[in-house]
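For reference, the structure is listed below as structure tokens.
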Amino acid sequence: MSSMLLTLLIFSPLLSVLILLFVPSDDEKTLKMTGVLGALLPLIAAVTAFTAFDTAESGVQLEEVYQWITYEVFQANGELNYSIQYHIGADGLSMILILLTAFIAFLASIASFSIKEKLKSFYILFFILELGMLGVFSAQNLFLFFVFFELTLVPMFFLIGRYGYLNREKAAWSFLIYNGIGSAILLIAFVALFMKSGSMAFDQLKAVFALPEADLKEMYLTENFRMGILIAILAAFAVKLPVVPLHTWMLRVHAEAHPAIVMIHSGILLKIGAYGMIRFGLGIFPEEFKSLAGVIAVLGVVNLLYGAFLALSQSDMKKVLAYSSVSHMGIVLIGLAALNEYGIQGAVFQTVSHGLISALLFFLVGVLYNRRGSSQLHDFGGLASQMPVAAGLLLAGGLASLGLPGMSGFISEFMAFLGLFEVMPVTAAVGTIGLILTAVYVLRAVLGVTFGRVKREGTVYGADMTAAERFPAFMLLAAIIIIGCYPALLSGLLGATLESIKLGLGG
Amino acid sequence: MDTDALLSYNWAIMAPEFTILGVATLLSVLDLFMGKNTSRRPLLWMALAGVAVAMAFVFAELDTDVTSILHDTYRLDFFSKAFKILLLLGGFLVLLLAADYRKKELQEYRGEFYYLFLTALLGAMIMASSADMITLFVGLELLSLSSYILAGIRKKSGKSNESAFKYVVSGGIATAITLFGMSYIFGLTGQTNLFDVVETLQEPVLLEHSFLLVFAFFMTFIGLSFKIAAAPFHMWAPDVYEGAPIPVTAFLSVVSKTAGFIILLRFILLTFIAAAGIDRDPLLVQVQPYVIVLAAATMILGNLGALRQRNIKRLFAYSSVAQAGYILVPFVSNSTQVFELIWFYLLAYIVMNIGAFACLQTLTRDAGSNDVSIFRGLFSRSPWLASAMTIFLLSLAGIPATAGFAGKFGIFMGALGPEPGHYVLAGIMMLMTLVSYVYYFNIIGLMFFRSGGTGGRRISIAPSIGAVLVFCAIATIGLGIMPNIALDFFFGQFDVNEFFMNTGHNH
Amino acid sequence: MMNDLLHSQPGWYNAAVFFVMGAVLLLVVLGFVTYAILAERKVLGFIQLRPGPNRVGGKLGLLQTVADVFKLLIKEDTIPKLADKPLFILAPVLAFSPAFMVLAVMPFTEHVQFADLGVGLLYYVGISGISTIGILIGGWASNNKYSLLGGMRAAAQMISYEIPLVISVVGVILFAGSLNLTDIVEGQKNVAYIFLSPIGFFVFLIASIAELNRTPFDLPEAESELVAGYHVEYSGFRFAFFMLSEYVYLFAMASLTTVLFLGGWNPIPFLEFIPGAVWFALKFSIVVFFMIWIRGTLPRLRADQLMEFAWKVLLPLALLNIFLSAAVKELFLK
Amino acid sequence: MSSVPLSMYLMLALILFCIGLFGALTKKNAVIVLISIELMLNAVNINLVAFSKYSLHPGLSGQIFTLFTIAVAAAEAAVGLAILIALYRNRPTVSVDEMDTMKH
Amino acid sequence: MELYHFYQNNYLIVAVFLLLGILLPAAALTLGKILRPYKPVKEKYTTYESGIEPFQQSWVQFNVRYYLFALLFVIFDVETVFLYPWAVAYEELGIFALIEMGIFVVLLTLGLLYAWKKKVLKWN
């Protein structure tokens, strides 16, 4: 039974979808209950999977392999089978992200209580989205990865377009088009890889590309080909991450979608970009990745600075957060470019911690928006006096975001920069400017809202956060602090996996 | 051909064709002698039964060895069986669509509709299992002539007539061009039997006339590309689709297109497989750039054309042009994959496109308009219909977990498999897929994001349409998740030698 | 001599000889037409109990037609101002030439035949169809309502009757196994096909009368309804050519009937001593007489009866005839 | 009067074909368009018959092919004309230029 | 070669007959031109309409039934294309060909029946 664990985990949201189909659409209470319980289910499964996971082992665990599709091709040199397996499993990296996904999704399901209309279809789409995300992180071959990857695209399109603010449709469209381009590039790269190497499974691909150069030539896997594929893959994930010139869609989504969606989007979906870069870039093409490290580092720094600068001048809280996401994702790139243990660990940490922090902040902004009908900075001020809890949480989140020691943000930034300083000190030094800027814009926004002058007299925010609102916020904050104080929780999980990545890099 | 030889033929293998022919004849006689005001519904059931019986015969023949009778003009091999299954499946579904077509004009000419439909189907089936230029041509024309009339069957509608006339003219020109090419093939070889043609084409003396052979290739290829509405001859499609009643449109875009690909495979591949082009290179390799241009042009024109359509039938016309472009891609794959890829894609195309047409028919009838705005707010009016339509549109757009994706994935494999891979073509195809997102998702957006539409009243779905919708939706999803069901069926039986070798004489 | 000529290298010499022989045949045909018209008038007169032409050329009026021809020759020729002039001029030629061309394949006796084509019958059917176009053009080019209507009617009638006509001879082809007219005559050495395929003959005869636009199928030129039909605007010799082509067709059709069904030059048993040419002439004359006789006897059909008769009676009969002929062949000739 | 070489037949057919194609694509009168298509098909017939007698591999099947082409061409013309008549009943014109009710 | 000459000669005769068929009208009309009078009067060149002033163009639209018969003619005439070769070759083909032709003719008859029932054969 335990061998089916991951499958059960991935497809557990389907059960909720089935139940939801039979719930009448006007029965709000049942819908909400089903939604929350439905999101709890994968979380429980994920924790179970975690307990079954042996952190000391480096390889992929909880594996399941079934023959799926076979293409028979008759060629001049005989019959050739291209087969695709249903192959899932998890190593440390996957496990962390699966846990993160289940956790944030659960909280997001609570955060979506503020949705008043079309709740039924919301939850249905939500669970399909969760299925896709869980699948993405546990897929062990390219095909499956791509299927799940695209599977997140469609529900997300609906979720953005149907639930959210005024310009949500536009946001949905730009989400679709940009991510469409990304996945298009990805698909071509994957198929080319498949046709040339004859396999789609990660481990087999790794083995193939570890072959001597002469053998690779024979399979037409020339250096140019490998480089081309790597660049294509990186470009595809760069859209997702997003890397600077390709980031506009993400701003729109963050500004227009419903907070619960943005929690998921910023907390998990963006992480697919980072995950993909680590998994495919580093995992399969370590050599080629090395030669691109300089470029990636520069891109990371650009991201960091650009995001920070623009966040400084935003008047909308959501925009501030959106740019801060751009900026923080730069840190992931920086960590990756370092290509050493610290760097990569930093990148992964950043992935997780930004997931938690941005989820928290977006959730809070959503809460405020519900009270005030706006998220413009100048509409707020003196929040601490009327909504102390909310103000406190906001402050805590802001501090986590700027990297206060003791919170998760600090560890990741610290490690990423530590890694980069080891190899590219100049670039890293430029990057640190971004950290300072971060502190400035976060404090400007957060302090302005919590303690600043009330811009307009008689502003009434209404009641402080309800229990349903407090729960997710406190859970997230707790997670942030726990990781910040006890990073070994992650690094222990990650250690063995990092080891294998390092092996691929040649020590 | 004496009496004994004729009696010795295994006529049983023609059972599917005889069934269709018999039913068509029977229906035409019955229709003549039925009273003017008698309902023509029994004819529908008979036609459906006929198609089902023919389908049963095809399945019963699956184990039959390759047999060819009538001096190889009729040939039963797996290729023909596999494609006949597609044709009959498509035919069956379209007939079900027609069961609900309540337009007054069509009612009046119902009888004609049924038996012309069957004769068209018969023509397509003859094409699927003939290996002689004359029978191929006769089958093609049987299909074409019947379709011309079908397109104009609402003879009191000016649009229907106009579309039929345009169809006749462009079809006639295409036929003439094809025939002109065929006449040169006959001239070079003195044979009309395809296998004899192949044999004769290997004579060294023909190398001196390779120019003529290349000429013949282009003429036939261009002429035949009319049937599939590929680039130089796609302009008829929008007009004809718009003018014809929806069941006919569905027939043209699905069954007729399948038939077009059948003849392309049977005729072009078989005839020219061993032919030498100019300078003695293999002809099929030499002309590949042109096929690529054709495929690319078809995709581009189809997708860009669809972008600016407001009329939903025209939109689907352009979309089907684009789909034809995709299916042309495997022709450059240089391997036997071309059969399986085309077969599978056509199968997927049949279920998804007929499903979409079923929705269209319900909606256009309900709204009395062909404007794309009929989709407004469909989800709130009729969630099931909207969900089904979404599945079909997603499949047409090639989103994973749908049949369309499995098909497109295969096509990419075909394009990138050979060395060097056709990256440009794959890139164009991917880009065009993205363009297609715009119009497919635009419909989805209308259904889900907008409200309004025809007064918000609910839409009733006729039982037969419901059956089509359910079947197509299940098949679309099923083939998307488990494409191996269909692929294994194909691989289990398909033998490429059987297609290219002249075996199976039974005398 | 003819045989040698046919097998020699073709050249201008051959062409010249053929030309002379063709001209001779043309004169013969013209002579036939001249006296066929006279004969027709005489026979009609006889049927109607009146003498017919009896002034010019003796008591029998032997020169009556000759005089008529000369009259036509010196008549003023008018082309209506509104007519389509080139087509107006072309039409009579187009009507006449095929009528003469079909005679090229007709085997009159064993030795008197011009072109011995393998597809003789098909040639006849194909070429004779062109005349319809001539008539149609004539009717249309005149730009006259009567003539247009006449032309259309003629065309409709001729194409309608052409179907049973061509299908009714399938039986004959079946028996002879050839389209060559000589072969067909040879095939009737023992028994004429009229006995083997009576229905075919019946259909053929009726259809051929209709094809010739003769009473009772002479609607296209019904004087009382359409003034004169498609040639109402024609005068002088242009008119003469329409008339001429009709009578040349009479000649050709009678010959064809003789060849296909009556055994051509084959003699009746025990009378072999009489030369083939005489037999042919005799059978031919009977057919011609029969046609004139019909004209004198039967009234004109109504337009709808005319068309429906072709499609609903003659065509099914012709189709039936195919199988009857095949049955006869299977039963008696194997 | 020696025999006519094959290339002459092919040339004739090609010329006819091109005239037909040109007419079918450019003529405004619908009937002429149909006639042009017939011309193209007849060019094919000339090709087939010429090939069946003079090609490298003479064979009767070309002539049989021609029979089928003729039959099909007739059917096509009949269908085309029938549709044209139906069209004419709805809108009295045979000008191809006026068949433009359907434009994006 | 002999046979080929025979073949060519036969068609030469056909050509000669065509020439004659055109020459005769040409000659006769030329002769007539010399002999016949030419006295144009305007009225002579008007269209004849039973003595009244002609009115309107006469190139009017034809009744559609003419087209229908033309279509029927085209179909049936061309189908005989198959009957003739069949009849010629019947001797070698035997009884089975008869059955095949039976099917063919039955289909033709069905077509005729169809036209009949659809009142295409009615002249009105």
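We call the chains A, B, C, D and E, going by the order they appear; numbering starts again at 1 in every chain.
The rule is simple: contacts are C-beta pairs under 8 Å (C-beta built on N, C-alpha and C of every residue); 3 or more make two chains touch, one makes a residue touch a chain.
The chain list, named the UniProt way, goes like this: A = NADH-quinone oxidoreductase subunit M; B = NADH-quinone oxidoreductase subunit N; C = NADH-quinone oxidoreductase subunit H; D = NADH-quinone oxidoreductase subunit K; E = NADH-quinone oxidoreductase subunit A.
Keep in mind that this is a model prediction, so the values were computed, not measured.
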Every chain in contact with both chain A and chain C is listed here as none
Max Cα-centre separation from chain D goes to chain A
Using only protein Cα atoms, the chain sitting most centrally is B
When B-E and D-E are ranked by contacting C-beta pairs, first place goes to D-E
The chain whose C-alpha centroid lies farthest from that of chain B is chain C
Rounded to the nearest Å, the gap separating the Cα centres of chain C and chain D is 32
Chain centres from averaged Cα atoms put chain A and chain E apart, in whole Å, by 81
Whole-angstrom distance, CA centroid of chain A to CA centroid of chain B, is 43
Between chain B and chain C, the Cα-mean centres are separated in Å by 52
Where chain E touches two or more other chains at once, the residues are 8, 70, 77, 95
Where chain A touches two or more other chains at once, the residues are none
Within chain D, the set of residues that touch 2 or more other chains is 1, 75, 82
In the complex, the residues of chain D that touch chain E are 1, 3, 67, 70-71, 74-75, 77-78, 81-82, 85, 89
Per the touch rule above, chain B residues touching chain D in the complex are 133-134, 137-138, 141, 144-145, 148-149, 152, 155-159, 161-166, 168-169, 171-173, 175-177, 179-180, 182-184, 186-192, 200, 205-206, 238-239, 242-243, 305, 308-309, 311, 314
Chain B residues touching chain A in their complex are 335-337, 340, 379, 383, 394, 399-401, 405-406, 409-410, 412-413, 416-417, 419, 421, 423, 426-427, 430-431, 433-434, 437-438, 441, 444-445, 448-449, 483-484, 487-488, 491, 496
Given the complex, residues on chain A that touch chain B span 68-75, 82, 121, 143, 146-151, 153-154, 157-158, 161-162, 169, 172-173, 176-177, 180-181, 184-185, 187-188, 191-192, 194-196, 220
Chain D partner, complex, touching residues on chain E are 4, 8, 64, 67-68, 70-71, 74-75, 77-79, 81-82, 85
